[in-house]
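In the two assemblies presented below, chain A is common to both, partnered first by chain B and then by chain C.
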Partner chain A sequence: MSDKLLEVKDLRTSFFTHLGEVKAIRGISFDVEKGESIGIVGESGSGKSVTSLSIMKLLLYPGKIVGGEILFNGEDLVNKTNKDMMAIRGNEIAMIFQDPMTSLNPVYTIGDQIAEAIMKHQKLSRKEAHERALEMLKLVNIPDPEKRIHNFPHEFSGGMRQRAMIAIALSCQPQLLIADEPTTALDVTIQAQILDLMKSLNAKLDTSTMLITHDLGVVADVCSRVVVMYGGLIMEKGSIRDIYYEPRHPYTMGLLKSIPKVASDEKQRLIPIPGTPPDLLNPPTGCPFYARCEYAMRICNTQQPPYFKSEDGKHESMCWLLHPDAPKNEKYELLKGGVKIGK
Partner chain B sequence: MAKYIVKRIISAIITIWFIMTLTFILMNSIPGDPMSMGKALQPEVEAAVRAKYGLDKPLIEQYLTYLKNYTHGDFGVSFQKIGLTTNRIIADGFPYSLKIGGWSSLFIIVAGIGFGIISALKQNKIPDRVMMIVSTLGATVPSFVFATLFLYVFNRKLGWVPSFGAGTWKHYIGPVLCIGMFSLAYVTRLTRTSVLDVLQQDYIRTARAKGLSEGVVIIKHALRNALIPVVTYLGPMIASLITGSFVVEKVFGIAGIGSLFTTSITNRDYTLIMGITVFFGIFIVIATLIVDVLYVFIDPRIKYD
Partner chain C sequence: MENNKNDILVEVKNLKKYFFKNKGIIKKHYEITKAVDDVSFYIRKGETFGLVGESGCGKSTTGRTVLRLYEPTAGQILYNGVDIAGMNREQLMPYRKKMQMIFQDPYASLNARMTVADIIGEPMEIHNLAHGKERQEKIFELLDTVGLNKDHAARYPHEFSGGQRQRIGIARSLAVDPEFIICDEPISALDVSIQAQVVNMLEDLQEQRGLTYLFIAHDLSMVKHISDRVGVMYLGSLVEVASSKELYRNPVHPYTQALLSSIPIPDPDIAEASQRIVLEGDVPSPVNPPSGCKFRTRCKYASERCKEEDPQLRDIGGEHFVACHLLDK
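For the complex of A and B:
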């Protein structure tokens, strides 16, 4: 138990819109161990970002956590008041957002924005906080930091702004860093730099990471374990090996087939997953992927599958095909042995 | 910055010259002239008067005389108010308008921005709904209706304020409120929209994710950004409030510059029309310049080189 930093248990989050309750997260459980990097993948609307905002308790009206527990160092965050959360946010759990172009306040200098969190949580003076901010800028490899600390966000490039965001997030040495699509808005070359930076700093500062992305390539690069989300539920979770080489859920297989591969010599079309995600205002009673699944059976439409675990219990998949009584599907069995990447 | 201000002053002079030219053309193209008022004059008398005020000269010469006199700050002699210079008339009327407009501006800045913020933070709750209804009324009810209503209630019924003149501070309550009604409503709405927009921004989420309190998030991170569009409106607003309002000054019986301007047009008092137009023009140009300079301090993205 003691090595678990974050444990999410049966978390449910809904948005109470005037059309009705949109069940964005419908009972998810996963954990993050100390010093570990975990990836959460899924397409738009799968509930990835809502998961991270629920953990930070930054959901805006009309979003609300309606059930479950979020244990952080054994303490349940769901019941914490906003005041308690203020001492945790930015200090023990920090967050990096998707769009560095809009995530920094345009009217304050980079230095002020980094120093702000330091002053709040570490009770340092303005001067000490700015010295610390300067160290952070050096740490995230901003060139000429003594000058750059006085710059405003618009004087930074996208990659530099994301570095500044990382500097803000890591300035108080948080135990958990939630990175919500940190590289989506950046050029590919900058993406790699930012990911490398995150990896090396997390190792240096002993921070656990929760990386939210729709890019399986990014996850493979940074994380040791993966959670695949769809329709507000976790479809499959396991180690990088489990998910990439032995996927057992048709959705995960579909995701893997839709990644472009540079290494392949053959001209190969990407295989998209046909259809659209389910409407979470009226979520399906069965498997959320039923409507788009090429192996769907009758039971998939009516009953939500349980998690079927692998022998070591670490690879869990929510799919009826894994039931001992399920009919064998040749194609599925073949893919289960590993989606040959590029085929 | 200094270079920028010099550039702006040069462009302001061009703007004012343009305003003068346009006003000159317009006022000479409306039917009638200073002589067409009241009973007809004997032809010799009329010719003498025309000669005295230079109205017998060709238009282009009259125009050039205006320009020449204005460069010395000489606004000329009024055609209708015998013996009074335009400078004198403006100097007499302006203090009243300045006082009304100044207090009104101050009131709008404090109350309008305050109401707007409260409204935004209580979005769709009762305080917001009430303020939105009131501000819709404020923006749509004409000032003469509001002024009449004000006098009826606070003068006739309650007897709290005097009805006429500009003697004590009580005289100013009505004019200050009436002249500012529309702008107050507008600033309230503008602030509300702007604050709501800023609160949706990603950097507000970043500020919250740092663990800052809601008060710091709103005052430090949201307001400074939200007030940028409001400041844009405030410059011209203050200029227009300070230059008075014909309707409000008439209803409350104040001899301000707003009513002067309107009567000077109906009287075809050419020098006074020109004088007040240029005076207003200078005012608005200065107000806009001040706003543009203020921007630099509010928004670091703006730089003038």
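For the complex of A and C:
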């Protein structure tokens, strides 16, 4: 218990639109340990961003947490008032957003924006806060920080803005950093810089990181554990090696097979996942992946599968195929643990 | 290059595209953005030529200029040996039919007020092909080709998902039976599992119809997968051109090396073992690019010579072209 920083238990979040209730998250449970990096992978609409907004309690109307618990250091965040959350947001849990172009305020200097977070949470004077801001800019490797601190966001490039965002997020030394697609809007060479920075800061500051992304490559590089989401549910979770080398859920296998292999020489055809993700306005009663799954059985359509754990209990997959009574599907057995990628 | 001239479909020679922006208040004073600066390459019939680079490197501008969506500032665009760079609207019409484009954003490139049938039928209307019932049939056939069905014809773009919209865009580009299609980041806006669907479809269409592609993307792993040959662009110039196998196995230009090493590989073991070359700093502005080799400000091997002399693309054997002074050492 002591080493668990964040515990999400059966979290459910819905958006009450005029068309009806859109169940964006339909009961997910996972935890984040102190100092670790966890990756949340999924396609658009899988509920990965809503998960992070729920934890931060930044859901806007008509979004609402309808059930479950979010335990942060043992305290439930779901019942906290907005005022209580203000003391936690930015101070203990910080967030980096996808688009560094729009998440900075264009009319304040970078220094002011970093100092704002520091002054808000720590009883420091303006001058001290600006000194702290300068340190932060140095920490995230902004060249010439003494000058740059007085710049406005439009004078920064995309990569530098994302560095500034990281500086703001880390300025109060949060225990948990939620990074929602931090490098999606950036070029590959800049992405490499930011990922390197995040990795080194993670080691230096002992902050836990929750990285939300659709890029399996980024996760493999940064995280030690992965949660795979689909249709508002967690399909599979486990250590990075479990997920990449021994995936047991057909969705994870499908994802891994649909990306091209850079390291291999021969030209192989990609194996796409047919169909499209489910409509969460009327979510399927059974497994959300049922309609696209090549191994689907009758039960998959009617009943949501439970989580089947591996022997060490760390690798959990939500799939009926793992049930001891399930008929053996040769092709699936062959693929289980057989999806070697990049090699 | 000379000996198999016959199967070259598109050849671009010293293409330049500058954008002029008036910065003067009273007197005219132009700021010049050299988006494409002296680019030459060729594409063979039936092959896929990939163009990669970071945002702002001029890859999309190159694609659009080849199609004459932008007026080239200088240079030649040879289509089947005929220079189309200087043609007027009328002369260009038959070539417009042969060259089509698939755009990046499937949300912005389809007219929201037109039905799918109108969207796909419009190119036929313009080129005066197939009328009445025949056109209707052709539209249904095209929808079928891209994996949609007849019922979709009367619907509007907002009723479709991103992947389906991209399919509509592809059907539109196929409506005039083109020979050459420029795919400008056709999969960047799509989800991973949908990307593979679209890429496979593009490959199938190429095989069935003998299409030639210019595939523009920043996703290096996808470019490697789909292309026969790849060109790497940096700040308006091509720095390296080679077959995709050769380029990924043996990158010569320091920029290509850095670019390739920054691809995140979805394999924990390889990710751990690989030594990533992290480039310092950002891409300089194309308004005021560095003198000589444009990459020198971020290149760890840069010398005095790189500052003074602009390296030219040259063949280092086996159709592998590199523009770098390091080759002389």
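General observations
In this text, the second predicted complex is superposed on the first by the 341 of 343 C-alpha atoms of A that agree within 3 Å, B and C clash if a C-alpha of one lies under 4 Å from a C-alpha of the other, contacts with A are read in each partner's own complex, and residues count from 1 in each chain.
In this section, a contact is a pair of C-beta atoms (placed from the backbone, for glycine too) under 8 Å apart; a residue touches a chain by one contact, two chains touch by 3 or more.
Values in this document were obtained by computation on a predicted structure and should not be read as measured data.
Superimposing the complexes on chain A yields a three-chain arrangement in which chain B and chain C fit side by side.
By the touch criterion defined above, A:187 reaches chain C but does not reach chain B.
In the superposition on chain A, A:97 contacts chain B only, with no contact to chain C. The three-chain arrangement built by superposing both structures on chain A places chain B and chain C 70° apart around the Cα centre of chain A, to the nearest 10.
Within the superposed three-chain model, A:154 lies in touch with chain B and out of touch with chain C [touch as defined at top].
In the superposed model, A:51 lies in contact with neither chain B nor chain C.
By the document's definition of touching, of the two partners only chain B reaches A:105; chain C does not. In the superposition on chain A, A:89 contacts chain B only, with no contact to chain C. More chain A residues lie in contact with C than with the other chain of the pair chain B and chain C. Using the contact criterion defined above for the overlaid structures, shared-chain residue A:208 touches neither chain B nor chain C, since it reaches no partner. After superposing the two complexes on chain A, the closest approach between C-alpha atoms of chain B and chain C comes to 7 Å.
Shared interface residues of chain A (contacting chain B in one complex, chain C in the other): none. The residues of chain B lying in touch with chain A in their complex are 201-203, 205-214, 221, 224-225, 298-301. Against chain C, in their complex, chain A makes its touches with residues 43-44, 143, 157-160, 187-193, 195-196, 214-221, 240-241, 244-245, 254-256, 258-263, 265, 267, 269-274, 276-277, 341-343. Interface of chain A with chain B (complex): residues 56, 58, 82, 85-91, 94-95, 97, 99, 102-109, 116-117, 120-121, 152, 154, 165, 168. Touching chain A in their complex are the following residues of chain C: 54-55, 161, 163-164, 191-197, 199-200, 203, 218, 220-222, 224-225, 245, 248-249, 258-259, 261-268, 270-271, 276, 278-279, 281-283.
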